[in-house]
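One chain, subunit A, appears in both complexes that follow, with subunit B as partner in the first and subunit C in the second.
Let's turn to the complex of A and B:
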């Protein structure tokens, strides 16, 4: 059976990606010139979003092996390509390291000295240990990334089942490692923005958003490829229906986790915890908070509920973009209030300063996707489960 | 899904090729035949346990909950520990029948019926404890928002009242789900039986099922909708139970990870209990070729996954207690691990997180004796988890002058024993009067029942 995908992804993708990246980079540069502190927070949002897609995608690759799914095998490469930004994470973190002082209150030695709580947290929240932890995350993610991708691409040559077996083993080890590293990454990079605040569910909250972003980006790219004739004709409604369902399901999971955190802290009403929500309720932040509820959960839930939406490629495309934007908004909601509070503003800030960052993300992913698709098949052509995956029917 | 060594062919769920008649015969054998001596022995043991429980129950109603070990500091003792324990066990059934159904995990067919029945019985055991823990169970009717002359109205802001709704809804939906699944099987039993009375009973219960295309279409749709409704319900019940604790401001109870952590723990304990009973049932009723070792291995994988999730929650709680910088929080967790109840904490950690790690090994996942010990430990561990959460968080109050220890009395143990008696009595009755495996669903996954593709078995 000939499955080799001869059609190449057009060079335009790289070109447009490059242009977007340049425009984005210029805007980001200008943003840093105009308001350095604000730009650092914007940069952190962008960075977390990239981690969401990268790790969410790698998580999906692992998930497929872990549960032995075959319907998703024809799409696995897409997630693999998206996770290829993982090696770049270490370069992209540099601006955050430069902005440590602007971002993280606990890096201010004089503030820690006079604050008993922060003093108590010093063994964990100190710059050296912070860098060591970041280093551990990057190394662990990079090693698993290399492992999965190597086995998967090597299989394209000879179709040996040993690679599937190896990746299955790898995925079982990755599952707990993924959860732990992602949790502490979220605690370090985002939760410690408010070093007094704590919530045990925080890691699960970020994980839920990550998986939504992983599925949404996979769906978006699959639909785009399908509509432009890059995917095998056997890939049809049942595949897209399954993808839409996963997106829908995990979005409900996100809402469940978000609700759990909110209702428990609201009901207990302990000032040590509620100030975090108060910051997201003061001034016009209120509208962002309510907006997040509707934009991330209520509307997507109602729209994605009928089966007809999940099998209609155009609507599915809109919904996957929607959920990606919703995840960006979620990160904005998690990160930005620290800045506006510090700057004495009573509401969210949004202007040209923020616009460059998403462009950089889109540009980066376009370039990386095209580059990887030139080197590799768009489908794991000799994966033993591919045939079953292509012929998948509900 | 399981594959053969080449990952190209899915392994059949029911390995041997059985005719549909044989499937009927095997599954309905316990229903058709007279009870054996072993069954009588088993039910007399569980009946005795139930009788002891009923005695302690009656004593509690007559003399009040002063008979229990609860005291001013540890106001919640065995009553709530056992309630949460049984409600948790009740989670496996609906998870298997609803969530695994939505995820299209066909291996669920062999265990779904049994697990659903266990759900219903476990929820009954759980309600017994909440009904009693109010102290004056004859007034429990006021838990429902029903207009009355005394103008007593429920407090909707109280999580305890959310419990009433969550548990009742869960029971009703689970029961409906279970009976709908039974309809095609009742029809099979109706068609097989020769006794006149049985025929009438089964005819009524099968609601005129005729196995027609139309019947199946409606049935499948109803099943899917119920699965969709049940899925959020499974999550909501234990979420609400966790709210009973987590909405408070008590260190050890108030922590945001409680809802997903309780749900994972519930699934874990539910699967533990299902396996405990299943291991016997498949052996005694010769169903080893229907509930295969592959099914059991998959269940063990779920035990490993959920046990590790629970471990994640334990770790997160510990870390955040330190990270919070809140001295009471820190004290509670140190006290949990190294205080007077240290042994309960470490039993919990060992049984729920430690021992299940052995399921990483395929040999252990497929070894019945080892797995039996491990699932027993899971049951023990999950009971201790609730004990640890409730007692260790309460017994050392904010004021050291009100510190106290909790000593359960003979009545506490009696009622606990009675709940096991009730549970196993109901199970023993269930396996005698209803098919403990869904006959129609097993037929649907038997080899040859599925439409096959042209490529199947061909070379690639």
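Let's turn to the complex of A and C:
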């Protein structure tokens, strides 16, 4: 059977994306002019969010091969398209490199000299090694990304099973590599904002958020495509139900990990650990912390629990947007307190300075998605598992 | 051994099964077997489309798409689970709140008596437990219609096949459209590999006995109980102290009463830094002083219901094991310990509050100091309570007014 894109994704998508990107970029520029330090922190939030979606999506692609899932095959391209921002990561990191001094306390030579703890961590936390590590992550991610995408798109031509086999092997190697690089990436870029503090579960925490973001963006785009008639009519409730379930499940996983981190530090009650939470509890940060609990976990949990929500496209769409916003809030909660604390503010800051960054993200992904969809099929048309995936029923 | 157990079960089964070989000639259902999941989906679709609704499907494993094919309504089971899961959550929180927060306050790691974080794991576990058990319970009660232990399908070739590698469907004779020959032809036209009739069971009332009271079964039950107990005992008392399970047990930390090389005097336990006071503890300046000086200490607490209740609580917890519930020195410890004296003696009656407080704080001979366990205010509350006990047992007529 010949399965091709029925319609091509309208040029409006990239136009709107472009407009958003421009507005966002202008606002971001203004934000840098107005308050350079604050803007660097906002930029880091944006950057981590992009990594979440890029790597989360690549992780989902790998996961599908790893476990041999059928149901998600019709959607794999969507995740592939989203992960196509990976080559850009190296460009996008430049502002962070420029803002190292504003962001990371451990880059202050004079502070490290007088600080026994930072001195002890110096063999790991120093700028040279930091750049080397970032370089390693980018190269590794890029190579795997190219590998997966090449095999997947080549299969569109002849449907050879060998590509599936190759990607399965690749995903077996990628699974541990993914976990390790993502863990260290989270430690380097986010945890080292507070170089005195550490949590051994931090990497898993970020990973949990990443996978939620990966599933939420996949769900959001699939629902939008479905509603606009781009997807095969055989894709129905059972597919979306499964997607909703995965989103729901990994969101619980996030809560589980977040709680595990909290309860251990709360129990031990050692000042060198608890100050990190105290920073997120001082002033009105308290309400952000409590809000995160409800917004990221309690409410989505209750809303996504009934089956009817997971099979209703509109509600699913709302929930996937919700979880993406929740992940953004999560990153804000992880990163911003370092800034407000340094700036002597006793509460979160939010204003026009922050608004440009999400626009840039949305714009970037819209443009990239549309560009990739012009070059490739929206479905892996010759994938041997596609037929089974389309006919999937619970 | 295993063979023996299996035989016991077999025997129980054969002797006890009141339905064995007792089929009536009333048709219960028409059943058909199919070889592949696709065939069974097709058959289920056909049956539900033909307007039957009293039918069911048996497969060796869950078949995708069956819900749609059978036109099943979404199950309500989820709501039961949710409701009872919520009950579990509230039970756990309520239990912890009452036990830790109200009934039996214990300071653990300096945390508030009731606190949310440490309640979460138990709450989580109880929620899962309630949800799991009720889901299974409701499933059994609603859908398997317990306590009815038999189903005409059992002991049929049909059931044997569907629990191995065949996919079966049957339409019950209670269906409004039931017509035996019509259904048989429909099944064969669908390509069934075997169409059969299932007959209702004829129950032999006399034979119905509860197999739980069989000696064989009881023997197994006792065996399992003893076995579990022995294994648990050895696991907890021996296995966990062997390599590598002891890796977490032995930790390079100083335990109470242990030596430590870190300090010059070799003691692991330390005195507080001179001039400091632990939180919540006021130093007692009258340590070891004679009664005459102590006498003058006045009870700072007012006598009211609250202090008396606290005093009662603390007294019952800390003092009553020795001095008895009413302070008469008649506790169950009598004879096993230097006899604790009565607190109703002339001597104690004539003491000032300060004297009693001094003894709780300082101790006297074999009675140790309770200053570390009981806060200052609570000690004074106990004194009030002892006074109340004394008065109640030497009540004068005027007290009635």
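Assume the second predicted complex is superposed on the first by the 394 of 394 C-alpha atoms of A that agree within 3 Å, B and C clash if a C-alpha of one lies under 4 Å from a C-alpha of the other, contacts with A are read in each partner's own complex, and residues count from 1 in each chain.
FYI, contacts are C-beta pairs under 8 Å (C-beta built on N, C-alpha and C of every residue); 3 or more make two chains touch, one makes a residue touch a chain.
Just so you know, these numbers come straight off a predicted model, no measurement behind them.
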Fit-or-clash call for subunit B and subunit C when the two complexes are aligned on subunit A: clash
Which superposed partner A:161 touches (first subunit B, second subunit C, both, neither): first
Partner chain in contact with A:203 - subunit B first, subunit C second, else both or neither: first
Chain touching more of subunit A, residue-wise (subunit B, subunit C): B
First (subunit B), second (subunit C), both or neither touched by A:179: first
First, second, both or neither for A:270, with subunit B first and subunit C second: first
Partner chain(s) touched by A:306 [first = subunit B, second = subunit C, both, neither]: second
Set of subunit A residues, in rising order, touched by both subunit B and subunit C: 263, 267, 269, 394
Subunit C-touching residues of subunit A, taken from the complex the two chains share: 259, 262-263, 266-267, 269, 305-308, 392-394
Touching residues (chain side subunit B, partner subunit A) in the complex: 1-3, 5-8, 10, 104, 232, 235, 239, 243, 246-249, 254-260, 305, 308, 312-313, 316-317, 320, 323-326, 360, 453, 455, 460
Residue ranges of subunit C in contact with subunit A within the complex: 64-65, 67-68, 74, 78, 82, 109-111, 117-118, 120-121
Complex contacts: residues of subunit A adjacent to subunit B: 1, 67-70, 116-118, 120-121, 124, 161, 164, 172, 175-176, 179-180, 183, 196, 198-204, 252, 256-257, 260-261, 263-265, 267-270, 272, 384-385, 387-388, 391, 394
